[in-house]
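Heads up, there are several structures right after this.
Two complexes, one shared chain (chain A), two partners (chain B, chain C).
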Partner chain A sequence: MSALLEVQDLSVTLKIAEGEMTAVRDVSFTVNRGETLGIVGESGSGKSVSSMAIMGLLPKGTRTEATTLRLGDTDLLTATEEQMADLRGNKIAMIFQEPMTSLNPVYTIGRQMTELMQLHKGVSGGAARKRAVELLEKVGITAAESRLSQYPHQLSGGLRQRVMIAMMLMNDPELIIADEPTTALDVTIQAQILNLLKDLQTELNIGLIIISHDMGVVARVSDKIAVMYAGQVIETGAVADVLRAPVHPYTQGLLESIPVPGQIEPGGELGSIPGLVPSLKTNFKGCRFANRCTRAHEACQQGSVALQSASDSQAYRCVLPLAELRDGTSSLAARKTGDGSYGVGIDMASKPLLSANAAECTFRVKQGMFSGAKPLRAVDNISLDLRKGEVVAVVGESGCGKSTLARMLLGLQDPTAGQISLDGKDIATLSNMEKSRKLQSIFQDPYSSLNPRRTIGEIIRRPLKLHGVGSLAEQQAKVEAIMERVGLPRNFYHNYPNQLSGGQRQRVAIARALILNPEIVVCDEPTSALDVSVQAQILNLLLKLRAEMGLTYLLITHDMAVVEHIATRVVVMYLGRVVEVADTRTLFSDPRHPYTRALLKSVLTPEPGAGVPNVDLGTAYPNPINPPTGCTFHPRCELASDICKAKSPVLEALSETHQSACHMLEKELA
Partner chain B sequence: MLKFILKRLALGLAVAFTVSLATFLLLNLAADPAAMVAGEDATQDAIEQIRVQFGFDRPLYVRFFEWLGNLMTGDFGDSYYWKQPVFDLLIDRAPVTLTLAAGALTVTVVVGLTLGVLAALKPNGWLDRFALSFGTAAQAIPNFWLGLILIILLGVMFPILPVSGDTSWKHFVLPCLVLGTSSVPQVLRLTRTGMIEVLGSDYIRTARAKGFRPRQILFRHALRNALLPVVSVITIQIGYKLGGSVITETVFALNGLGRLAYESILGADVPTVQMLVFFFALIFIVLSILGDILNAWLDPRMRVE
Partner chain C sequence: MNTTANAVAQMAPKMADDIIDLTPKERMIKRAKGHLGFQFGAFIVILFALLSIFAPLVAPHDPYIQDLSNRLVPPVWNAEGSWAHILGTDQLGRDYLSRLIYGARISMGVGFGAATLGCIIGVSIGLIAGYMGGRIDQGASFLLTCQLALPSLLLAMALVFFVGSSVATLVVVLGVLHWQYYMVVTRTLTRQIRSLEYVSAARSIGSNDRQVLFYEILPNLFNQIIVVFSLEMAVVIIHEASLSFLGVGVQPPTASWGLMIAEGKTMMYFQPFLVTVPGVALAGFGCKPAWRRYP
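Here is the complex of A and B:
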């Protein structure tokens, strides 16, 4: 049987301001019906461009070349624009990353679904609506009939992605391309959507391509996998082979840079790939990975490297002999030992550096011009102490109030009740100068948190200038010292942020936060905007700095793997409240709150073939303006009983370091 | 949707009341109305006599509510200058101005929208450059100057259109072109930016992935979204049109409300000016409400639930 989709030596050349750029070069893969291909790669690897080439959706002026580009009996290379349009949404369907913006806001769900059938099959009216309802039910949407008349803004992100999937199934496609289908969703929703895609694929015998930067996602759902780097497939094969026995140094490095429990000591140094993902504008000679490869030698710099087979089901693009590549033990061993920087002593009896005492933050939200403002309790009665040397992680899904809590702890948001104290003093009484000397922050987006009109040197020096620390020469010396410490080359001093990569900018943000020698650094999603290999570099840096400078971190994140790797204590938040607090080891080995368990269950480690755990939280994350009564988690909790609906649970101590707020704790223990 | 409309109407009523109060106060406090009616050379005695005769000696609030009360019953008062009911003046002059405004609006919408959409289809293409240059020129050229140039060109050098008066549709062509052109730049730019943004949006990418053809995408999926901000601006532009009619009507000797306002101000005709300001404000309010309703109809997110 010939494959459903056959891509052979696909190259895509895009028109750019400077001329041309080959975004994809010699990419080959096949997808059969009922088979899932995972394409994994960092930003700029060409994974999305390849899929857009298959869809024929690349901008005008793009050159697409291939020896074969075929779907079923149709040659996609020679197909006219009209023929391609007939295929799209009909034979090939595509699901995008952003469910919030991928549906047209001004038309109903029903119209957007039925128009697709009308377009390709000429079926409209009742028949199309019937099909739409059928599919909405299939993707697990309740009250499907009434959803047809709803608009996208009335649905949550998870529901919108379900609608998107249902919509793309309207015409029974043969192939679905899902480009980062769950990246914008919360972890618990991610598991649901991935399971849904897999189930549908099996049931309808569809070919599926999943594109993701997340090894965990690709590992769990794919049958085979293609690892892309700088526009090329550098390793491909059956998912188990590639992930269990990676051959290419890049694949090996990528896998080592992911914190996987059991494979790496918490707090240990993650394997990281030195350097940066190259720009596709580079005039490549030889192996595209050579300048970042620890095994590179002269032969790597010349000629082009062809894909060669490692076994029947695995191929790689490297000039080194297979035996030498297979012998990857040295780097793995180095990674496992780590330097145990976890051993920074923490005295839990010491006076807290930063604490929240029954802190509350209530916003008043007006929903309409005439309706009165309703209270939205973003942070509800939270007490939390941060002691010297701790890395406290605050975790929870979007909307749980973790960022508001961080803003309160930074003194950027006044609590509406309770108190925040820094070194025993009420933070509200401290001036900005006093606060900034002890308390600094690093934010998620290194693209927007640096002033584009100042040089790197000026950005880092600014706090010193504001605080009037030392002479200009002293300040500059300090800046150079901290730049070296965070791994920024000295010659960046006079560069501007736009000349730096994401990881380098995050280093600048870290340098700026540390220049005043603060005690506490609040890190709000410090790595979630970065590529995997760069994330490892930044995490290693944060751990190193903590050990060297005796820092205390408050880490706000949704990424449980990162938490497990660098946090010493974890606070789990749900709808403005703390539902569980524990030291990291206890929380991960013995989670007690049903919500914590669901969160942990949704973590996707890159385990090939393990499938996606079934996390069924029933309904969607509730609207914080109308929180459920009693325990706010009860509508999604399988253990919920009458008392949960009536009474809100308080945090109870399970051990010295472990507290949880759940009525069902004892029942569970029994 | 009905609730939304009712709310907007209630809000509009509140604004109308505020405007009437502001108008009344402005005209009655800015200068002594008795002195204005009496004229520059009047003696103090004559002014006092007029004050009593016209009732200007009574407290301000009494006069305001009297005026407001009369307004409700359709009694707009009598013009001191024209010596006839203000209502009759309005009825007499309004059609000319409304025709002018409607014509100008048509020019604005047709030219602005078309050029805006065409420009957005190929940013930096020749059509885009032409549209933007046209917009800049239209913005830079003063209204009255364009009027005079068009009069010289199409009225004097090549006399194909009449340049003064309001007796046939031909009389309206030039004034509508002049008044309409002044609002084209805003509409054009907003349509262009809106359209470029929408065409680059994720849901347009979805529409392409669904297999829609470029024309279907433009008209079915993009236009409605791109029009949302334009609708609000157009309603404001109609307000400017009414304000601008004062100059345009004077240049083209049209006997409309703008000209009436001009003459009434010169003649210190307080009741007429008061009524005209209020009437313009009222039209403005009604248009904003219509704009809001139109926007809510176009965009479900605007409908307050």
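Here is the complex of A and C:
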């Protein structure tokens, strides 16, 4: 049987302001019916461009070349625009990353679902509606009939993605391309959507391409995998072969740089690939990975490298002999063994540096034009102490109030009740200047946290200037010293932020935060906007700086694997309340709260063929404006009983370092 | 870890070619070079600016000297025209080209001055309203709707009429009445930028409100403000001409394009050039921002 989709030597050249850019070069893969291909790569690796080329959705002026680009019997290269439009509706379907924007907000779900089918299949409205209801039920949406008359904004993100999937199935496609289908969703929802996609694919026997930057996602749902780097497939094969015995140094490095809970002892560090993901505008000569590769030698710089087969089911793009690649222990490898300690001795009896005392933050939110403002309790009665040397992680899904908590701790948001104190003094009474000497922050998005109109030097020097530290020459010397410390080359001093990559920008943000020698740094999702290999660099850097400068971190994140790697203590939040607090090792080995367990279960480590664990949290994340009664987690909890609906639990101490808020703790123990 | 940091540092100069893009300034220059409309607009602006600055050197005659024996000489392209007066003379025998050049001085001066004053008022209100939000923002928006509801030309006429007409009065009155668009643009952008992380970052390194406004937010508004400025300048110039035409603007014998049209209108049917020449100059100014819209 010939493959459903065959792509042979696909190259895509895009027109850009500076001329032309070859975004994809010599990419080949095939997808059979009932098979899942995972395409994994960092940003700018050309994975989305490849899928757009298959869909024929690339902008005008783009050159697409290939020896073969075929779906079923149709040659996609020579197909007219009309044929492609027909094909896109009927045979290939695409699921996009952002469920919030891929549905049209002014039409009902029903209309959007039926329109496509009526257009392409010419069926009656009634038949299309029937099919829509059928499919909505299939993707696990309750009360499907009534959903048809709802608008997208009435559904949660997870539900919208389900609707999107159902919509794509309306015309019985043969191939589904899912471009980062779960990246915009919360971890607990991610598992549900992935399982749904996988089940549907087996049931309907269709081909599936999953594109993701997340090795965990790809590893668990794919049969085959293609690792892309700088517009080329650098390693491909059966998922188990590639992930268990990676051949290419990049694949090896990438796998080492992913934090996996339980793999690295405290004090150890992640493997990381030095350097940056290259821009596709580069004129490549030889191997595209050569300048980041620790094994590069002269031969790598000459001539492009062909894909060679390692076994029947595995191929790679490297000049080194297979045996050497297979056995040589990569110098990129993670240092798994640590000293077991977290580097700095933490005295839990000492006075807390930063503490929240029964802090609350209530916003007043207006929902409609005529309804009055309703209170939204973003942070509800939270007490938290941060002691010198600690790395406290606050974890939870989006909307749990962790960012509000961070803003309160930074003094950017006043608590509506309770108190935040810095070094024993109420933070509300301190001026910005006093606060900033002790407390600094690193923000999530390195693209918006640097002023685009200021040079890197100006940005890093700004705190010194504001505080009037030293003369200009002294300030410049300090800036240069800190730039070196965070791994920024000196010649970036006069560059603007838009000339730097995400990882470098994040280093600038770190340098700016550290130049005043603060004691506490609040890191709000410091790596979530970065590529995996760069994430490892930044995490390692944060750990190194902590040891060198005796820093205390408060880490806000949703990524449990990152937490396990760098935190000493974890605070789990749900709907503005703390549900569990424990030191990291206890939390990961003995989680008590059902929500913590669900979070831990939803961590997707790159384990081939392990499948996606079934995180059954039932309904979606509740609306914080109308939180459930009693224990706010009860509608999603499998252990919930009557008391949970009536009374909200308080934090109970399980041991000196472990507290949990759940009525069912005894029941769990039994 | 050291090894990684060093490796990155060593790598960086080599990698630098990959990522070093153009600076914002270079990018703008590059785009300006490739934009014909921008070049045309810039050419007109620079030409008029130079003409009005060097008016005494450029003008062939004194614009105020009357020569009644040489009244109403038609322009050079007319059969009766002469090269002595390229654009002819008016009903008092004053050289029309010289008056046009001196008139550009008034138009540019009033336009630039009033647009700058409006800019200062509008940007200040917009910045504060957008940054503070809440009641201050509501107050500023109320002020804006009041201003938009008033017929500005009528108001300007009344004001100038009461205060007495002079170039300085014109600048102040027109400036005070032309701040709305600056305010709208500045307010919206400020609200957007306020929620960006670099503003939070600025606060957390110890900046106060003033420093955030002037160091972080204002420089990011320049591009948009310049666009509004060039549009407003044209509007103000037309308004100045209208006021002068109606007799409450620049007073004779000072040369102003609006005044020239007003003085020429009685002779319009006999010597149409008296109206068309300053009219075309004015229209040229009105078109200019259309060319400049894309910086």
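The rule we apply is simple: the second predicted complex is superposed on the first by the 657 of 670 C-alpha atoms of A that agree within 3 Å, B and C clash if a C-alpha of one lies under 4 Å from a C-alpha of the other, contacts with A are read in each partner's own complex, and residues count from 1 in each chain.
Please note the rule applied: a contact is a pair of C-beta atoms (placed from the backbone, for glycine too) under 8 Å apart; a residue touches a chain by one contact, two chains touch by 3 or more.
In this text the structure is predicted, and so the values were computed from the model without any measurement.
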Contacts for A:Tyr151 in the overlay, against chain B (first) and chain C (second): which applies, first, second, both or neither? first
Touch test for A:Met664: chain B only (first), chain C only (second), both, or neither? neither
Could you tell me if A:Ile456 is touching chain B, chain C, both of them or neither one (first, second, both, neither)? neither
For A:Ser272, is the partner it touches chain B (first), chain C (second), both, or none of the two (neither)? second
Of chain B and chain C, the partner touching more residues of chain A is C
Where does A:Pro105 make contact in the superposed view: on chain B (first), on chain C (second), on both, or on neither? first
Report for A:Leu194: first if it touches chain B alone, second if chain C alone, otherwise both or neither. neither
For A:Leu412, select first, second, both or neither according to whether it touches chain B, chain C, the two together, or no partner. second
Now for A:Lys281: first (chain B), second (chain C), both, or neither, which partner does it touch? second
Looking at A:Met94 after the superposition, I want to know if it touches chain B, chain C, both of them or none. Which is it: first, second, both, neither? first
Residues on chain A lying within both footprints (that of chain B and that of chain C): none
If we count contacts the way the header does, which residues on chain C are in touch with chain A in the complex? 1-2, 4-9, 11-24, 196-198, 200-208, 211, 215-216, 219-220
Once bound in the complex, which stretches of chain A touch chain C? 269, 272, 274-276, 278-279, 281-282, 291-292, 407, 410, 412, 432-433, 435-437, 439-441, 443-445, 448-454, 462-463, 466-467, 484-489, 491-492, 495-496, 498-501, 504, 509, 512-513, 516, 537, 540-541, 543-544
Residues on chain A engaged by chain B in the complex (per definition of touch): 55, 57, 82, 85-90, 93-94, 96, 98, 101-106, 108, 115-116, 119-120, 151, 153, 164, 167, 367-370
Quick check on the complex: what are the chain B residues that touch chain A? 7, 11, 201-203, 205-213, 220-221, 224-225, 298-301, 304-305
